[in-house]
Amino acid sequence: MSRLLVSNGLILDPVTQSVKTSNVYIADGSIIAIDHEPDGFEAEHSIDATGLIISPGLVDLCARLREPGLEFKADIQSEAVAAASAGITTLCCPPDTHPVIDEPAVVELIHRKAVTAAHTNVVTLGALTRGLEGKFLSEMSTLYTAGCVGVSNSRKPVANTLILRRAYSYAANYGITVFIEPDEHWLSMGGCAHDGPVATRLGLQGIPVSAETVAISRALELILETGVKAHFGRLSSSHAVELIRRAKERGMEITADVSAHQLFLNEMDINSFNSMCHVLPPLRSQRDMEALRQAVKDGVIDAICSDHQPHEPDAKQAPFASTQAGISSLETLLPLTLRLVHEQVVPGYTAQSLLSTQPAAILGIDAGVLAANRPADICIYDPEQDWQLETTTMLSRGKNTPFAGWNFQGKVRYTIIAGELIYAA
Amino acid sequence: MDEIAKPDQLLEKLADDLKQLLVEREIDDPLMVGIHTGGAWIASSLHAKLSISQPLATLDISFYRDDFSRIGMNPRVKPSSLPPQVEDKHIILIDDVLQTGRTIRAAMNEIFDYGRPASITLVCLVDRSGRELPIQADVIGQHLRPGTDQHIKLSGPEPLEFVIT
Amino acid sequence: MVNKSTSPTDPLIGNDSWNIQLDSKGRLKHFLTIEGLGSEILTNILDTAESFANVNEQRVKKVPLLRGKTIVNLFFEASTRTRTTFELAAKRLSADILNINISTSATSKGESLLDTLQNLQAMLCDMFIVRHCDSGAAHFIAGNVAPHISVINAGDGRHAHPTQAMLDMFTIRRNKGRDFGKLRVAIVGDLLHSRVARSQIHALNILNTGDVRVIAPKTLIPTDIEDMGVSVFNDLEAGIKDADVIIMLRLQRERMQGAFLPSEHEYYSQYGLSEERLLAARDDAIVMHPGPINRGVEIESSVADGARSVILDQVTYGISVRMAIMSMVLGREPELTETEAS
């Protein structure tokens, strides 16, 4: 199999908290050594990574590929290509496809398509309840065996708390992690923006913070009683951060992520009905945004994901409340996180951990680490390159992003998956 | 430019000429209508000098201008005060400076929106060159040929004076 | 905020409301919301409306100002009152007016708002007057019509009803004079769902009103409304104490459904403007209501018909104010014409 040498690049080492110039030796899809050249290693291809950072490939905890069922928005092929160009080597697809991922056949379909696309690894979350309808348990064990790394009910409600408790208990039975997007649907129903001064001024129906915190509180109590492993996805408020912090302090084994855009945008960005800022959970106040950034800094939040939701143009071309929520965000996951580094919110190796090492651990997959005998999923980027995001050059089929026109520093040059050079800028 | 007489002097001439014209045309109960703002001042003076019995009416032609799209809305449009009936009346329409003729055209349009007058007699204090429409005054204080970029305006009401820029 | 560059020509990016409302010379091109306009423009509107009020008191109420212009009433939400006032205003300006009631036609068949707009634009009109149930609809339409078309917002969702707010300001000015600084104005009722109230609050603040108060039970007060520049009261009598102007808002039946209120009866007993409650306000306070009135729910009949009520005047003024706004918006030199021979 092909042997690849990545030479003279910079590796961020969290242990020594330093940057080191290194070589990475790859063969048979794995990293076989770092720095110490293996005996007799002859590279068939090599990449000169002088001045570039060699990072584990990004592991994106939540990216919607729209296939099966919503192929008019995007498909696995197009989004896998976009992911690779953005340095993302594994992404996790939530179960709200059409049909829902509650049958092994759907899992297999997605995996097969991802393999064919050959641009990024795709893992899936199975549905917590059948059809995501919140009434009956899904066949979690079967889904797990078919390859799902966890289960989730997406943002859809479970019919009542009893069913939720039983679902968690059942997941715990097999040691399956529950991925929770906390939303108390009665409190958020009909809302499209944070319940605050901007929604008031614009006459938009608000989603109060309690929609998130009531759901988190309820879930935490059930997690305590059932012992299920749980991950909270896409936090949006400072109160939510506090709940997670306190739960962790009590010793609960939970993890949490935030989507990258929540660290840079808040309710003010809706401005004058900018539908590109229509997201769920909504962009909240400046204080909430700062609390999320602080939580990333001090480790209450374990990972940053994209929450990628590509849309066709029509989905965003209507009055605000009638548009569909979501940002096409694969291509801004790394740039926004690097901006956190530039703004000195986190050091570079922490950013790496937030994007690769920790998400991989949350998903329970062998990824996100640059070390010998680990899969050769690698992102090599130029930390100095200045560029501007333009919708015309985005690779995702979804161009719905409020970051169009933003200037970024740091761009992916090479992406290696299973030891193969998949993307070169 | 020719020497321009004082407004008061011209008013005397207007009053005399108008009186004579009314006799010639056998108009004995005219309705005097002054165009805001300068025409209204002159009309007020003539109304008194000729002892006209019908109350003085005034017209603001802002809404009838033909250059509305170009100059936009003037927020301070004074109310026009035409009597409810202009049918079969002999109107004496009075303005200060006659130049392009567009103001008079607008004034006539406005009068006709109120009804069909028996006649309209046009009285102007000053008739200067620069006509863009076929409009002529019946009674004129003074003819002038100023330079094309010279503007003549009447200021008032007390004292009435010409302002030339 | 972080460094960002936004391209104003990129249709995927929103514009500031004030940007989209004004042309390059700062004149009103659209009239979508009071927010972001300066007191000079608002005063201009009120002064222009005075001129039209004079016209409307004449026997001949028509002026040829907008002759040859085509105005389309685009109502996605049914409304007879507002639509007819705009129609009357347009006709008195000699414009041609087309009434399109979309709630019964195209979009109910699934045609997108954008497609509806494009079809209408093909008819080559000059102005859309839009009422829609979604907040931000007027902005959306203004951002998606051909450059020569102006849009007036006749009410979008809960966001804004700027022409109503202007006629309310006109009514206040006619009754209380030009100095709003010495006025205490109280707005009472369902603030949460009211686009009229939001526009009124903006207008009152831009015109430097001394004290703007909102009065309602907590369930009907929008979150952080204080940020809009008002003080909040949950007690009617405390709120209207020494008020110069009381604006009552309509309570809709649906509020009982959404668990905002238990009953109209209890609402009236606590928040209804009765003769007795009115005594808390100043002796010369005026009572306003954007209509339609729910007698016995938000206001006592005798107050609505009483000496302090200026509710019917509001309706009359509505025509002059709308004539003023329509002429100001359409009476601008088009910015992309060839030079005309003068």
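For reference, chains read A, B and C in written order, and residue numbers begin at 1 within each chain.
One rule holds in what follows: a residue touches a chain if its C-beta (ideal position, glycine included) is under 8 Å from a C-beta of that chain, and two chains touch if they have at least 3 such contacts.
For clarity, every value in this text was computed on a predicted model and none was experimentally measured.
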**Q.** Centre-most chain, if every chain is reduced to its averaged C-alpha atoms
**A.** C
Q. More C-beta contacts across A-C or across B-C?
A. A-C
**Q.** Where chain A and chain B are represented by their mean Cα positions, the distance between them in whole Å
**A.** 78
Q: Starting from the mean Cα coordinates of chain A and chain C, work out the distance between those two points in Å.
A: 44
**Q.** Intercentroid distance (Cα basis), chain C paired with chain B, Å
**A.** 40
Q. Okay, in this complex, where on chain C does chain B touch?
A. 27, 44, 47-48, 51, 54-55, 57-60, 62-65, 324, 327-328, 331-334
Q | For the chain A and chain C complex, residues of the former touching the latter | A | 195-197, 199-206, 208, 264, 268, 271-277, 314, 316-322, 339, 388, 391, 399-407
Q: Please give the residue numbers of chain B that touch chain C in the complex, ascending.
A: 62-64, 68-73, 75-80, 82, 84, 109, 113-114
Q | List of chain C residues in touch with chain A within their complex | A | 1-7, 10, 12-17, 20, 35, 112-114, 132, 134-137, 139-140, 144, 156-160, 195, 198, 222-225, 227-228
